[in-house]
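Working notes, structure below.
To keep things simple, chains are lettered A, B, C, D and E as they appear, and every chain counts its residues starting from 1.
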Amino acid sequence: MAEHILQVKDIKVRYSSIPVIQGLSLAVDPAETVCVVGANGSGKSTFLKAIMGAVRVFDGEILFQGREIKNLKTEEVVRTGITYVPEERMLFTALSVEENLLLGAYTLNDKERIQENLQFVYSFFPRLKERRDQATLTLSGGEAQMVAIGRGLMSNPSLLMLDEPSLGLAPRLVDEVLDTVRKLKREGMTILLVEQNVRESLEIADRGYVLQTGRIVLEGTGEELIRSDVVRKAFLGI
Amino acid sequence: MGYCGEGAPEKAKLMALLEVHNLTKYFGGLKANEDISFSIKKEELVGLIGPNGAGKTTLFNCIAGLYPVSSGKIIFSGHDITALKDYEVARLGLARTFQVYVASGDMTVVENIMVGCFMRTRSRSQAKTRAEQIMKDFKLHDLSDYILSELPVASQKQVAIAAAVGTDPKMLLLDEVAAGLNPSEIEDIMATIQHIHYNMEITVMLIEHVMELVMKISDRVIVLDSGQKIADGNPETIARDPNVVKAYLGERYVHEHAGELT
Amino acid sequence: MKKLFLLTLAVCLVACWWITGSPVIAQAKTVKIGAIYPLTGGAAAAGRELKAGAELSAKIANNMMPGLDMDMAKNAGIKSLGGAKIKLIFKDHQANPTLGADLAKKLILDDKVDGMLGCYHSSVTKTVSAVCEQYGVPMINGTSTSPALTTRGFKWFWRTTPHDKWFTKDLFELLKGLTQGKVKGVKAVPEKEISNLASACEKTEWGSHVSSIIKSLAKEYGFNLRKSLLYTAKAPDLSSEVRSLKAARPDVMLFASYTSDAILLVKTLKAQKAKPKIIWGQDAGFEKPEFRSTLRDSIVGILTRTVFLPKVAQIKKVAGQVNALYKGKTGNDLGGASARAFTGVQTWVHILEKAGSTKPADIQRAANAIRIPGDQLVVPWAGIQFTPSGDELGQNVLGSGLIGQYQMVDGKLVLEIIYPFDVATADMIFPFKWF
Amino acid sequence: MDILVSSLFAGLLIGMVLAMVALGLTIIFGVMEIVNFAHGEFLMVGMYTGLLTAQATGMEPLLTLPVAAAAGFLLGIICYFGFVKFVIRGPMVAQLLGTFGLMIFLRNLALLFFGAEDRAIHQGILVGKSFNIGMGVIAPATKLAAAALSVIAFWAVWLVINRTKIGKALTATSLNPQGARYMGISTERMNALAWGIGGGTVTIAGALLVNFWSVNPFIGLLFTMIAFAIVALGGFGSVSGAFFAGLAVGVITEIPGIWDFLTYIFNFGWMADVPMTSLKYMWVYLAYFVIMIVRPRGLFGWKR
Amino acid sequence: MEALSSALDFSDFPRLDMIIAGVLGGLLVIFPATPHSAFAMATMIQFLMFSLYGMGWNTIGGYGGQVDLGKAQYVGIGAFTTAVLMVRWDVPFWVSMPIGVCFAVIWSFIIGYPLFRLKGHYFAIATIATSLVLKDIFEVWDFVGAACGIEISPIKYNPPDFLHLIFKEDIYYYYVILGFFFLGILYVNWFRKSRLGFQLRSIKDNEEVAKSLGINVHWAKIKTYAIATSFVSVVGSFHACYIKNIEPEDTMSLDISILIALMAMLGGAGSLWGPIIGAGVLIPLKSYLKEWLGARAGLIGIDLIVYGAIIMLVSAVEPRGIWGIVEKVRRRKRN
């Protein structure tokens, strides 16, 4: 077994005594893209938030690069090298695109490095360069998602976690966003992806997990999962 | 596609209880609902599904009077309720529950249900009798004196439905009552909904992500995607509708499985 | 354990009951007088003066003081009561009328005082005297000057100090005197040069009374009151008020303010370069040591009405003696507040001496019949005699006021008497010079 | 005419200082949506700090500003870590109650230490000096200096918020705390910083005010209300809004002067009888009430 | 009839509570017969008055969750109505009190309508603003005596005058306010179980849910605000007769508003006993701390420092007040 960059062992999360995640284990290897799919309410987002220390994990272990990060404060988790692009994007709407991106590099202090990263993001998303001074409130959904992802890249993360990046986007934009993920994968980024767009995301992923009511019900390569009936059932109930 | 309401032919002769005509709702520049029309007949049980962000809850909120609509018309049991406030809508007999409802107060289960019952009566004893009756129906009487916020979510949702039922509605809008529940709790809530529908003869419209539930109990399903109505029909046809599958599983899935879809 | 909290609550309640329920045992051979003054709160400085004045008076009454030409210094204690000593019980009303009433009840019922003294603020005096009236406890008020206090027909309330109507009338007499050339050192001023007035009084019981008195007297004396405003007491800033006054271009500015406002007013007047010919303060803040020490030479020329000035010591020997004692005790000269508090206790002593008993009815009779000659008093009054009937029941009819002016004499700031004209100690500075 | 011009001028001048009083409140509200009822008490602390430092050392009162700022910064941070941190977790009622408690606590602590008497500074190079600008406008030097410093302080705060990394982090925290945490920003520290800056600016304002206004332990509430009015007017959480709203409220406190002007112009007898000066601060409260009802986001509000 | 039986029905409280409440109630009734100081008597009257203020506040602030910090304006309306009517036209207390309530209710509708469009902090601050506005107006309004206030002359009446509520001894006032106190408890006991009470608690819980259950939230709040107002106004009228000299500065100050809210919040907002417990703890604490530490040791303001510290502690540790702690302990025992 290769050295996992992220290893989650049997974690449990409760929201005021209601179990949301009940013994979830998962591993991500370096330069790998792992996708977690599951219906609404299955605990996908909670799982990512648990890694980020945004919800309390009361049992289990979370190891990142061999270090225990369970229940660290969110900002400390970020400093270990994980970035999280949240489902709601959480852009700082009153600020401009560039200001948002620079905030993504908050944990870095090296100015040259920050500029390099900025240039990298701009080269990655040329459209953002055009709109660098525009307030993010005025961006379209797809552009906003680009800012969110770009912001996640600004701190040179060792692991990028994307929470439903295609959510609420028009189909054309969904493809665009997923293409971005594909490109990132090619750049050698380690990605943990949570998606509703089951098919496409599983295609991108090296491996995938299917989550149902807080448990992993299926695990395998993307291809295997696409063929599985479980996936379809999980989504349409038939 | 044009399945409009054919899923329940035996009820077709009944008049429409709720009619939504060309409802459109903007939030600033964002179009949350666009030109949505449908009607629901008395004693129907209609599911409303769609991917996240499709505008389902917004639609509910518009119908229930929580948001003013940008354009369109809503008619409920002969009244134009488009411009009515939420409590006025409720008094006309259109009750609803909320997607995220975390009880925070110090009211007990029976008190919560009594609030609903108080809509139709001033008398405390009548309200209490009615609430106790509902609790019995919903098998909640053991929990009667517990503080609601201290109960598990499943019970809270049951109580929320019970309180809405306490207002003696003609129609009930249920917003994701099964979200976050485990399978056995989903079974319970399904039984509750069916009880409301068949025994109490209340028309029900529900937003739901748990497909087992929607597909099983709905007479008819309406599907929204990106604020638009993309399908309307009985559960079996809906599940095979390419537009629906596309909305859920993505375009490529549709192409590859074209044979299985109608 | 289970209901520990409620039990504790019950125990606490019962405990409070016990502690407060213990009766106070009266000591023999003392006459207890309750004194309710503003010892803390915004008027604490005045309160300290009042307390010191009253204490000095009690000390003189309780001990033989051979060097002092006062009847009450000649005996130790009250002779007619077998040498009973005066015991003052001080309470702090914090300028709060409700608290004052509570304290009055406490003094009357718990401490069983024989009489009351106080309370400086007219609003507090009002509630306290109402309590005394109900319980039939005699109260002597030495320092509250609201005219309303003695128009209420109270039978247990006597006031030694003259009230604001008199004081304000003094001022208008002075103004009239100015036009007639009666003022020492000033030639007759043409009437139109000082005919425009403006007043600013604080928005309290006392201030608003003064304000309305000024209004009615201005009319009576034929002056033109161009602006009359009430301001919020203890306001942090009075510049808009001052601007408003200034805009009326008055020749004479009249104020009724307590210390902090008085200081602020004068500072703002100066900063705003106001140019009135006369500034007159209705006592209170305008004659406090703080007023003097803070503003120093910038108050030269300001007039204030008062009942006592150190200059009185030049006229009255006894005043000089008491002033020396007071200065030895506190380091300050006697002022209007302390002199009147002193006189209040002194009046009590005389009344008790005359009554020969501490029965309220006897005290009442004695008070209504009392006549203290002017030479006994530190204040420059003709004496103390209360009206036993009529509109102003219980008002001392022999009191009178003074108007003083701050002047620089040998580098020292002194208050010179300029009214009444016959006792004036210096030439009046007219017009007021600032710039 | 003179009275109108001088009233407006005085209103604007004092408005600048009042704006600075409100600055801290709006920063704190902007970052963590908590209304600090003890804000006026912070101001009082600033006033006493300025006053006592000046009196104890014989220093020029204006030089005590850094001392006051440091004291305020410290006070803000202590309040945050010692108290506010625990209260923000609770319901809104607890926050109200809590900052109320803080208000009562600080006020009476001051009463215990300093007594109830009003105190004011009477020395210093600027005290008592004033310039006659003409048109009846007389500008006291202390107020001019205070207004100027207030503008500088606003400019400085604006720079910090808009031009520095820490300012950006503050803005981010205010716009979306959870999002800010995902960027690696310690929102806890940002909250504390907001309290620090909030406390620091308001104590500076206090040290400026004490040059021309007297201080007593009970002075806080008036300023809390004025600050609320300004923040409501300028939009809760808006720094630039607070500045302009401060000017507006400054002018509102000069309504008696404006009324005087109207009285002279129209010369109706009844106008002179309206006790306008007594109602000086009522207009501020009324303005607050009306603004809240009509435009809850404030006249200059930009927020979210 | 149902209302009366509901008001008299305390059966949803644990038996022990009722025993304690009964004993304490009995103690209140016999208190004047025990040896006590006048100061204790004054403190007890204050306690009863503030309990009633707190009960009034509790209806809107506790059950409804609308933190109202402007109750002093209604103390003023009640007190000044009674005083003005009594001084000018010799109207008996029992007539002027209901008139005062009418004025207070009318005023509460006038300002309540816009006020309740606000929520949370904004509402709380706006209530302060309205209260201060009214106080400032009263301070310049000659009809109500302006800043001088108005005095009910004790010698115009022949105590004990039950009609005008003018007494010499505090014991009469004590029993009058005690009567109001028991009536107040009964009323609140009825209120919390009434339709409006339920609606209000539901509003506090979640306004949107409340609306969805057919509750006109705005109107329910305004109605309850009027009820709260009536309580305060009645006690205000009593205050006028008790103190006999009222001034806006004294009766309508913000301190009174704060104190009223604190009683209920500290004792436990939204519970029947909360305001009483709050007043029972705070008023004696205030009186005696002031008396012992303030007057004797010269530590002025120490009572309020302790006060402030208690409030801070409670808000940080248990925002539901003392009663909240009791309930927490009980629940822990039960589970």
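The rule is short, and it goes like this: a contact is a pair of C-beta atoms (placed from the backbone, for glycine too) under 8 Å apart; a residue touches a chain by one contact, two chains touch by 3 or more.
Keep in mind the model is a prediction, meaning the values are calculated, not measured.
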Hopping along touching chains only, can you work out the least number of steps from subunit B to subunit C? 2
Which chain is most remote from subunit E in terms of Cα centres? A
Inter-centroid spacing, subunit C versus subunit A (mean Cα positions, whole Å): 79
Could you give the separation in Å between the centres of subunit C and subunit D, each centre being the mean of its C-alpha atoms? 38
CA centroids of subunit D and subunit E: separation to the nearest Å works out as 32
If a residue has to touch 2 or more other chains to count, which residues of subunit E qualify? 139-140, 147, 300
Which residues does subunit B have that touch at least 2 chains other than itself? 104
If I count partner chains per residue in subunit A, which residues reach a count of at least 2? none
Draw the chains as points, connect those that touch, then say whether the picture is a line, ring, star, complete or other. other
Here the pairs of chains that touch are A-B, A-D, B-E, C-D, C-E, D-E
Subunit A partner contacts - residues on subunit D that touch it in the complex: 165, 168-169, 171-172, 175-176, 178-187, 302, 304
Okay, in this complex, where on subunit E does subunit B touch? 2, 6, 193-195, 198-199, 201-202, 204-206, 208-217, 270
Which bits of subunit C are touching subunit E when the two form their complex? 2-7, 9-10, 12-14, 16-17, 20-23, 40-41, 91-92, 96-98, 101-102, 105-106, 108-110, 123, 126-127, 130, 133-135, 148, 152-155, 203-205, 207-209, 230
In the complex, the residues of subunit B that touch subunit A are 51-53, 152-153, 178-180, 182-183, 209-216, 226, 239, 245-246, 248-253
Subunit A to subunit D touching residues, read off their complex: 52, 54, 73-75, 78-79, 83-84, 86, 90-95, 99, 102-104, 106-107, 151, 155
